[in-house]
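The structure under discussion is supplied below as structure tokens; questions concerning it will follow.
By letter and in written order, the chains are A, B, C and D; residue numbering begins at 1 in each of them.
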Amino acid sequence: MAKLREECGVVGVLGDPEAANLIYLGLYALQHRGQEACGIVCFDNDEKQERAILHGHKAFGLVGDAINREILEKLQGDIGIGHVRYSTSGGRLLQNIQPFSFRSPRYGHISIAHNGNLTNAKIIREELEAGGAIFSTTSDTEVFMHLLARSRRPELKDRIVEVMGIVRGAYSLVIAAKDVLFAVRDPFGYRPLVIGKKGNATIVASETCALDLLDASDYSEVQPGEIIEITRTGRNSSFPFAATKKEFCSFEPIYFARPDSYLFEDSIYDLRKKMGEELASESQVEADHVIAIPDSGMPMAIGYSNKSKIPIELGLIRNHYVGRTFIEPSQEIRDFGVKLKLNPVSEKIRGKKIILVDDSIVRGTTSVKIVRMLRKAGAKEIHFRVGSPPITHSCYYGVDTPARKDLLAAQKTVKEIKELIGVDSLAYLSLEGLKRALGKDSYCFACFNGKYQEEIFKDVPFQPTDVNGPGLSSLEN
Amino acid sequence: MAKLREECGVVGVLGDPEAANLIYLGLYALQHRGQEACGIVCFDNDEKQERAILHGHKAFGLVGDAINREILEKLQGDIGIGHVRYSTSGGRLLQNIQPFSFRSPRYGHISIAHNGNLTNAKIIREELEAGGAIFSTTSDTEVFMHLLARSRRPELKDRIVEVMGIVRGAYSLVIAAKDVLFAVRDPFGYRPLVIGKKGNATIVASETCALDLLDASDYSEVQPGEIIEITRTGRNSSFPFAATKKEFCSFEPIYFARPDSYLFEDSIYDLRKKMGEELASESQVEADHVIAIPDSGMPMAIGYSNKSKIPIELGLIRNHYVGRTFIEPSQEIRDFGVKLKLNPVSEKIRGKKIILVDDSIVRGTTSVKIVRMLRKAGAKEIHFRVGSPPITHSCYYGVDTPARKDLLAAQKTVKEIKELIGVDSLAYLSLEGLKRALGKDSYCFACFNGKYQEEIFKDVPFQPTDVNGPGLSSLEN
Amino acid sequence: MAKLREECGVVGVLGDPEAANLIYLGLYALQHRGQEACGIVCFDNDEKQERAILHGHKAFGLVGDAINREILEKLQGDIGIGHVRYSTSGGRLLQNIQPFSFRSPRYGHISIAHNGNLTNAKIIREELEAGGAIFSTTSDTEVFMHLLARSRRPELKDRIVEVMGIVRGAYSLVIAAKDVLFAVRDPFGYRPLVIGKKGNATIVASETCALDLLDASDYSEVQPGEIIEITRTGRNSSFPFAATKKEFCSFEPIYFARPDSYLFEDSIYDLRKKMGEELASESQVEADHVIAIPDSGMPMAIGYSNKSKIPIELGLIRNHYVGRTFIEPSQEIRDFGVKLKLNPVSEKIRGKKIILVDDSIVRGTTSVKIVRMLRKAGAKEIHFRVGSPPITHSCYYGVDTPARKDLLAAQKTVKEIKELIGVDSLAYLSLEGLKRALGKDSYCFACFNGKYQEEIFKDVPFQPTDVNGPGLSSLEN
Amino acid sequence: MAKLREECGVVGVLGDPEAANLIYLGLYALQHRGQEACGIVCFDNDEKQERAILHGHKAFGLVGDAINREILEKLQGDIGIGHVRYSTSGGRLLQNIQPFSFRSPRYGHISIAHNGNLTNAKIIREELEAGGAIFSTTSDTEVFMHLLARSRRPELKDRIVEVMGIVRGAYSLVIAAKDVLFAVRDPFGYRPLVIGKKGNATIVASETCALDLLDASDYSEVQPGEIIEITRTGRNSSFPFAATKKEFCSFEPIYFARPDSYLFEDSIYDLRKKMGEELASESQVEADHVIAIPDSGMPMAIGYSNKSKIPIELGLIRNHYVGRTFIEPSQEIRDFGVKLKLNPVSEKIRGKKIILVDDSIVRGTTSVKIVRMLRKAGAKEIHFRVGSPPITHSCYYGVDTPARKDLLAAQKTVKEIKELIGVDSLAYLSLEGLKRALGKDSYCFACFNGKYQEEIFKDVPFQPTDVNGPGLSSLEN
């Protein structure tokens, strides 16, 4: 794992007879948010819209491999949701692939897909199991299902509000039933969620690049704390909780989101270029070229080059055909894993002073190998520039960070890291520089400064008094 | 098919007990030369080196998917060859996957892998079949095998010389038997072939990027017309035919070869940058940014930007997860195929004058879609710049060109193409500009100017008088 | 479907470090009870036996195809259960493959495998869902799980008793947790269940043939209404409900059970021979040979031949290699499906008077084809003898009977059936004859006489008053 | 390997637009002759019947698994041949699956399928390879192809005659080209081959059971030494070689052929019953029952029971669901492999004197296990009766016999075998008894008496003087 990893992407569609197709394409565009597995469910209403059959497909693998035409043709219906995931410690289990679904006597089937991470899932789960609930996955997200199923509120939307009062953490959700689609975002707004139109249909997705692929229009963000109820006749927005500080994940603009996506009306590509420009302002150095570590370092390298007036070169070429597996020879090939993916263009390295730009350093092991490879290719000086601050803390909001002992910057000073990586100079973008580049005050920087929202560090108890209705009362028994 | 397609890459290894592993990695690095199928054979000599068992594996798919550790462990032996291929009209048949092997009473098994295309394969095949030969593939390459098997020369090398006297066309070959590896290149040198050392082992490969991955050293080119015989005790080079003009494929530096490879001591990346610079010199225009069509247009775009001083931007973002298949919705999404792969960064397009750089135009259908997508994203002016001359003629030397009726530049003038694509201006690099960028006189430009080597246009007869030995005499019957 | 189909077979093992292997072999021996899918779970206790990891594997296909060595090696633990199934209307869904498991805060994981059918599963399920329970299968068996999870009794055995007080119908169960295995049979004893020893281990299985394969000893039956609690230190038997009439399925000796199994100390093979003898006594006729419809008709045909002194011949040869699928030519081949499986030995048919013996007739479609084939082969007279009475009623206790409209004997008289099938005479074994052959009064004959246990015809309500403990009280909300 | 194994079955069809379907079904009926792999090719003539496209499919596995509807639909054409095979030492290679095909400039594609074994294949192959021929399989059958391709005779039939003059051994062949089908049988007639009509179509197959399934009529045998040329206008029979003694394999009636097939107008089932009757006459003994080792011992057991008047019982029950693999527990289960397949019915064994009937003994290892299992089940006396003589010699005509050291009767006397197997008495059918049962003098008994046709023991040279035409002259070089 050379990079931090986003855990999920979600898509929801209501009002298009080819909902499954649109979800499929939306997931295709969100593939960078999760490559382990994908799933789609659709609600196929009968003519009178009294009953819906729930069609579903889940599989491991990339969207384009796991889903084919024959499958899509079976996923009839004009409402549906989809999910791409990257597996965390919960493990690579078929039953953990979302969307999750259950049948409620009142509403029929209800399906849910989740991007984020709950901080009190474990304790809620234990309480529910003690009351006789049977869990069939190891995923946080199943807690939502059980709480929705147990609620006594007659309206599905009120059940969602009730559940939002119980769970803590990061969640951007799409929830579908036979005649409704909900887009839900936690009050801090950790993970992105956008909404748009395509003809008569409404599309919800994690990023705008999915709306782009679908030729959607009228984009807007689902706001932190917002519940949007989408039916065939329109949309209804509500904010059942008091407004709070926004805590949008700053790693979305740094690395996770696709550069062609927009967040808060900002172009991700431009934000990255600005990070590169700030980096150049903060830690200028003389050199022959700027070289990006492809592909994620490229926008920052362009920003760095623009600001510093040092020309950019493609000094590292990425192998586009790195397959699922590779087998190393037993005889050593130095830095083999990196060489499979990247090869230097000697012409641009030998005897040159180079500025090497990357978006972030997590464990540093890949950086060490790349630098060693460039040294072997004859680089005269290597100045490593990182477009984000040192990552010193774990994320509890849906990003798979390594344990602190494996987080390089949590263990070593910048000077020590410079020595370890073996470069002539090393500079990270400062937190202030990052804030200047982002230009807004609504971000979470906890992985850089450890300032988490309070409830993370309390062992958040499951408090039935939070629950007003009878739904969860049986848990008290 | 938006691009011309190379048909093959080859690797050969002699002298490493893990030959299969090295071949596997070499093919990995050459994957851009053929993604349909791959194969490896190894010669597993017994202790006294009297007999060798031939182990082989062939499969459809990328190297990293088609070959796994278990397979590699079975491919014992210190000599072997491998092949990646892209299927041409011969069709997607398992038996067409190379290397091809046969057993000769004198030498035991002999295996062959071929990059290129013969121009007189059909007529030779018919003659051989009339004499009772049984072909088991639909590939040109099988002709080599039968001619080698039929030859009466006692030495394998002499058989190769004899066969080179019969076949016409483009061929870079690796040929292995139980104690020898041959690297062979046709006298015109249409396709690349390089050789290097790794410890005691000798490595032959289509491009230097394969040698790089293997940490090889002492690179040199196999010369046009050269036969290199590699044994455990050394190498022996010979040039059995008179020297002739070199006709190295100019599309290798334009598009096929990986930018980190070297050809004739020239860096491919630098050659492409020079093409971009020549293009800027020839057809400068005012604009806000230079934007490459990723990824192949990038080096030329950097060259164009350098020369013109117009900044480069990543205005088109490539989706890195385009899977094997995708399913289009029945409702139209304009330019769907292109949108799956590329998405514009609106910030850099809307209201801007842009210079769009690509390496070549084949049919033009993709260009039309990209331009339409950029127009929809709000581009004010689009100036299309192509880093190579108009392709007007088919290739008979191992490149899969479309029929002339589908070659855009064979059918239309530049002005007509500009109208068709819908850009504000269009310029190709001139042939002279290309020659300046390449800087050497040893290239084939037949796809640009139709100047083929003579024998292509004659219906080259199979001439038994070319054959001195008795090997082919039975064909005269 | 030419035959009635049994729905399941179960195996349980406690006390053998290779429990999974023994379960696998037991399922192998019970494959005739369900060929669609199979599953195994094992409880892998840590050294102090404080915690157990639950390992499981489920797959479609025959045991020998679906489970391999690698899988078995992962199924560590000395306690486990297994299941083979044939899918009913619930459908061919992966999640319906048993054993089912859930986690209880008190006991850890609990797994259950079920042979039989509940008659009040639907109404219980609806009540549970109304209370917030989430079902993840479409199988009756899941009801057991939820009722066990909801029960408030501290002891697992008491929970099982409580659940037995709620459910109605046929069930032979194995239930395992980290240190205990239960063998449970419904009070009427519809389905078989036997128990034996193998060294220190205890084995529970649907039939004795599974114990035979495992070299087990000390066989006995789990009695109707019995709960046997098996731990590492011994067995404990209890009968929490008042004794009632036994209703053992008479189709087990007629067709389902393997002829080498024993039931109630009776050899199945011998029971079948006796049915044949009774049949001969009741409906003797002159003929040249007795011919069985292979393979299930063979024991009855031997009995018939013995009693009647008419010699038996193998007049119909079964194709042992009928694969999973076959494709019929579009041109008609008469009685194609039957001919694929059976071919007459003309020598024994042409010009002969034959007595054709089968165990039962369900729809009659196969019988029509076999008779037509024998006529075409030249049979002079065909006297059809059926070793069981006409099937006139559906089964609600775990046998997949067709709807009454498709049950031949529910729609037509014996005379009409004789005409339909096209035989010279037709006789079924009388119910009295069957009773004589079985020799015991503990059987259910409902499919022959419609005498069901009462609760089948009431729409059995879910009556919380049946429940003495607090476990289900939350359902009343 | 408990039994000798037949190596192949063949089918040919001419004149039915659904030829592939008929071949598929014919192979289905011949599956007992080879379960490892199967293949079909069809000749799809254009309207004017000037050219034919050859469609083919080959795969490992049973016919019903390896071929599906989609595949059959692609196998267009009204002429075709098919093959089922069991792999011999040649190995489990895809390229060894028949039919084999090649292209001849004169005839277009020619395909061949072969049941049998050549005794001089190796030497011919070496000569052909020395002349430059390239073999692509390790199968004897490929020799036919090369000899046909090399022949200079203008007529395909004359080429076949020429090749029959060169090869030695056992062969029943079907050979197809675009407008002709040949049925060919070696002069000794080792392997069966029959021919029949179905409407306008002609069907050739290894056994009559294949014709039965296809509703064919007008059955006859292809005679030893006969070449039947079948075209759309009729059949032409010729016998180019002088008549010789017939050497039909006696193991076909003993074990290989399906009991419902006919050979030489004899019913296989009846021949087996007669062997059982002869066996009873030769070695009568007092006992309670006759018990067959299922399924192949059953017809002989019925014969034995008829003759001896001792009743037959199904004392050993076969598990019908023995899958492709099974995994043995590491703790010993005695005679595990046999128990998986067979289980005794204790009622018929305990305290009984039994006569156990099997068709043959090869290595004896299975017999040992069955007898031990019956002893454990309580048998009082076991009298083993074998329906064929002791197998003392290897077969060179298409049967996969073990090496002589593994042939029980080649190593031990009957008395020693009795001791080894552990029975109270043992008797084989005498060779005279077998001859009486077969009733004809046209059989090969070499595996019982070592009387081979002469050429087997000479290292048969490849004699070009046998060849009259110029076709093979190049081999002399």
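Convention: contacts are C-beta pairs under 8 Å (C-beta built on N, C-alpha and C of every residue); 3 or more make two chains touch, one makes a residue touch a chain.
Given the structure is predicted, the values throughout are model-derived calculations rather than measurements.
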item	value
Listed chain pair B-D, C-D or A-C that repeats interface A-B [over half of contact pairs the same by residue number]	C-D
Whole-Å gap between the CA centroids of chain B and chain D	49
Averaged-CA centre spacing for the pair chain D and chain A, given as whole angstrom	63
Centre-to-centre distance between chain D and chain C (centres being mean Cα positions), rounded to whole Å	39
Contact graph of the chains (line, ring, star, complete, other)	ring
Sites on chain A touched by chain C in the complex	94-95, 102-105, 126, 129-136, 145-146, 149-152, 470-471, 473-474, 477
Chain B residues touching chain A - in the complex, by the definition given at the top	18, 21-22, 24-25, 28-29, 31-32, 35, 62-65, 67-69, 72, 209, 212-215, 258-260, 262, 267, 269-270, 295, 298-299, 302, 306, 311-314, 317, 319-331, 333-334, 339-340, 343-348
